[in-house]
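When the chains are written out, they are named A, B and C in that same order, and each has its own residue count from 1.
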Amino acid sequence: MLTTQGLTKRFGGLVAVRDASISANAGDITALIGPNGAGKTTLFATVAGFLKPDAGSVTFGGRDITGMKPHQICDLGMVRTFQIVKPFGKLSVLDNIAVGAYARFPRRQDALAHAAAIGRQVGLGGQLEKIAAGLTVAGRKRLEVARALATSPRLLLLDEVMAGLTPTEIDEIVPIIFGIRDTGVTILLIEHVMQAVMRLSDRAYVLNEGHLIAEGTPQEVVREPAVIEAYLGPGAATRAQSFASRNAS
Amino acid sequence: MLSLEILLHSVVTGLMNGAVYALVAMGLTLIFGVLHIINFAHGSLLMVAMYGVFFAVTLLGIDPYVTIPFMMALMYFAGYGLQRYVIGNAGQGRDTNILLITLGAAVVMDNLALYLWTGDTRQLQLDYMMTVVDLGFALIPVTRIIAFVAACALFVAMWLVIERTNFGRAMRAVAKEPFGARVVGIDVDRVYAQTMGIGTACLGAAAALLLPIFYVNPQIGNVFVLLAFTIVVLGSMGNIVGALVGGLLVGLVESVGGFFLGDRLGQVGIFVIFILILTFRPQGLFSARV
Amino acid sequence: MVRITTLALLLAAVPLFVQSNHLLGLFIAVLFSAYLAQSWNILGGLCGQFSFGHAAFFGVGLYSSLILQVDFGWPAPLALVSAAVAGAVTGLFVGFVSFRYGLRGSYFALVTLAFAEILRMTASVVSFTGAGSGKYLPTRLGIEHLQFSKSGYFYFILVLFVLVHLLVLAIQNSRLGARFAAIREDEEAASALGVDVFRYKMIAILISSAVAGVGGCFYGQYYFYTDPHIAFGAAVSIEMLLAPIIGGAGTLFGPIVGAVVLRVAAELGQSLTGGVPGFNLILYGIMVILIVRYMPDGLIGGLRRPWALMRRRPTATAG
């Protein structure tokens, strides 16, 4: 569904993403993980048209979309959410979601009906008339997902929708994400919460300092020494290994 | 031959005016660079300062150039207070709110001036205003030369403050990363108010330098604020050196444009530059930096 | 819709009861202010792009309408249409220059302000605008010349007033309005959700400036005269943005409330001070600072809040 080839993004002298080639297969949940500042959000922004890549290409549904504008990419069926949620603060929850719905339904009645349905799907059914600025953190995260989902995407890019949530709230949102996947939407997500990645994703890519350092099933990548070092610091992998072998013997 | 002489004369006049414009623009660009707001009250504050100088001269009999330190101090406190008690208080950090407040403050000042001092245009009458200096290629009034030299000196002084002092460093830190600056213990709100104060103090000096070569009325602020905006955009918003170059350039265009097209169209030329810059190079000629 | 119709019907009856020309003139002034405020509101309130130089669009409409009638002998209704077109073309130009590079907030305010000022200076120099001495429209009473009696003018502006409010209502209840609001609240999020931000800002400024251009035409028909200051002066731009800000930007009725407050304040100021120049604007300036400070959503928003609290309290205790 989505493939990037050698994607590179620089900010001045800093290379935020270097030569990243990833792909998200139709119907899968693919995760992009890595420590803070690894370049995950930059990669997302570049894929979704918010940043222009310095090199490389993005192909979506067999079509080269490199350099397209975000709204054009949205029209093609790819939509992103924001890690720092961006609710339309003065609008109601329903009107927020309707902005997304209008991407597919030009008529007001249709858009509002679709928006209400989406709102119920993500568990905001009871708060549709509420002003978005009055939502809790968890509510805002859901709204972020709902708005994107209302554009009827084929590919949904979720940027840390679980960051800042309590374990209970995470338990509530996980089935929603599975539910979205089950309606046939392909998902690419950035996540910090490793436990969530293990539960959710079919495949995972690990990014560190702009480089892809591992890919595979989530169970595979967490065993990669490079991944452990990236998360815990240099030498951590060997220490962990020796610790494991000592325990085994 | 004669026209070449006049042209040369208008070039020199343009550069000399430009230095004072640059001083006005420096205040604006400094405020923009640090507070990230466009201060629509800037021109009105200049107008108020010009009246201050006018009355100091006419009522108290002080020489306009002697008022410079006093006007700078007064305007510093005016700017400081405006930021601390009006803009910072009512703006609540929202861009559009701040815009409206500075606009509101400008409207109040302009019309209060109209109310208190009427719409009459006033000019200073000083005996040395007629004195000219022969530069060899042009005869220039001594008041313009003083304005030019003083503006350049103030410019250098200001630049040193920003580049070399601790206060300047704090200011630059706040400009780049207000949150980070707060974290390392800088009183950001105070730096904002001080920056506004310094930016406004520039106007105190500019007023004293301008009045002997210009005139004052309640609308005078609009003339200069638009000039200053053009300079600021031309020299890249927030760039101090850019303000100097932009100021000289605008002074030149105004004066030489006036030479070829007549005074009023010379002014229009400035705004054509403004639109062209915004259309083709909105980041200005330089890069933004305080 | 119901509220606008009711308001329109009530207003339509005004000339039947009001005989005083002065009072009728005040009604015309309020409706005209509200009309212009609504023009600003389309761009500034609905779409969030604060223009500080709406006089540019108003003035271009005003001058083009007068020049076409006087110098080219165009019939007044055609001049009205061309005022809309002239306003719109000016708006598109300003919009293109500003929005193409994503200039927002302060930058946009600055560009619009400067643009109005350029037009003011140009109009006071070039000859086809009559330069500093301005432009007169000869009196030719009759509907085909769009010149009326006092009550005729009242109905003329009432029609414009109702039309612009129906227009705003239609925008608010459509995809266009939803997208404007999205841009106002967060441009990045809007573009992620498929909104072509540049295109919709251009649409907003197109509508807004066309409406302002028609307002300029009305001014010409009513006062028979303009000069560069009347057409492009900062006072026009300030009044056009103050009314919606005071009443509540982005709301349907805010601009009306704001226009009423401003006009009444102006009228009171006039009678209290005996017409001291500048006094109205001092009041306006103070008002805008206070409103921004204490009622950032305008009078409508400010009054709605306690009202909503009062209504919510019983349900809150019940729940």
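Assume contacts are C-beta pairs under 8 Å (C-beta built on N, C-alpha and C of every residue); 3 or more make two chains touch, one makes a residue touch a chain.
It should be emphasised that the depicted structure is a prediction, and the values quoted were computed from it without experimental measurement.
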| task | Just grab the chain with the largest centre-to-centre distance to chain B, centres being mean Cα coordinates. | result | A
| note | Per-chain C-alpha mean nearest global C-alpha mean belongs to chain C
| request: Quick one: report the Å distance separating chain B from chain C, using the average Cα coordinate of each chain. | output: 32
| message | So the centre of each chain is just the mean of its C-alpha atoms; given that, what is the distance between chain A and chain B in Å? | response | 48
| Centroid spacing, where centroids are CA-atom means, of chain A and chain C in whole angstrom | 43
| request: State the interface residues of chain B toward chain C in the complex, per the touch definition above. | output: 32, 37-38, 40, 86, 89-92, 94-97, 99-101, 103-108, 110-112, 114-115, 119, 218, 222, 226, 229-230, 233, 262, 264-265, 267-268, 271-272, 274-275, 278-279, 282
| note | In the complex, chain C touches chain B at residues 48, 50, 52, 97-98, 101, 103, 105-107, 109-111, 113-115, 117-118, 121-122, 124-125, 234, 238, 245, 276-282, 284-289, 292-293, 296
| Which residues, counting only chain A, touch chain C once they are in their complex? | 48, 50, 69-72, 74-75, 79-82, 86-91, 95, 98-100, 102-103, 106-108, 111, 147-148, 150-151
| query | Across the complex, what residues on chain C touch chain A? | reply | 173-175, 178-179, 181-182, 185-186, 188-197, 250
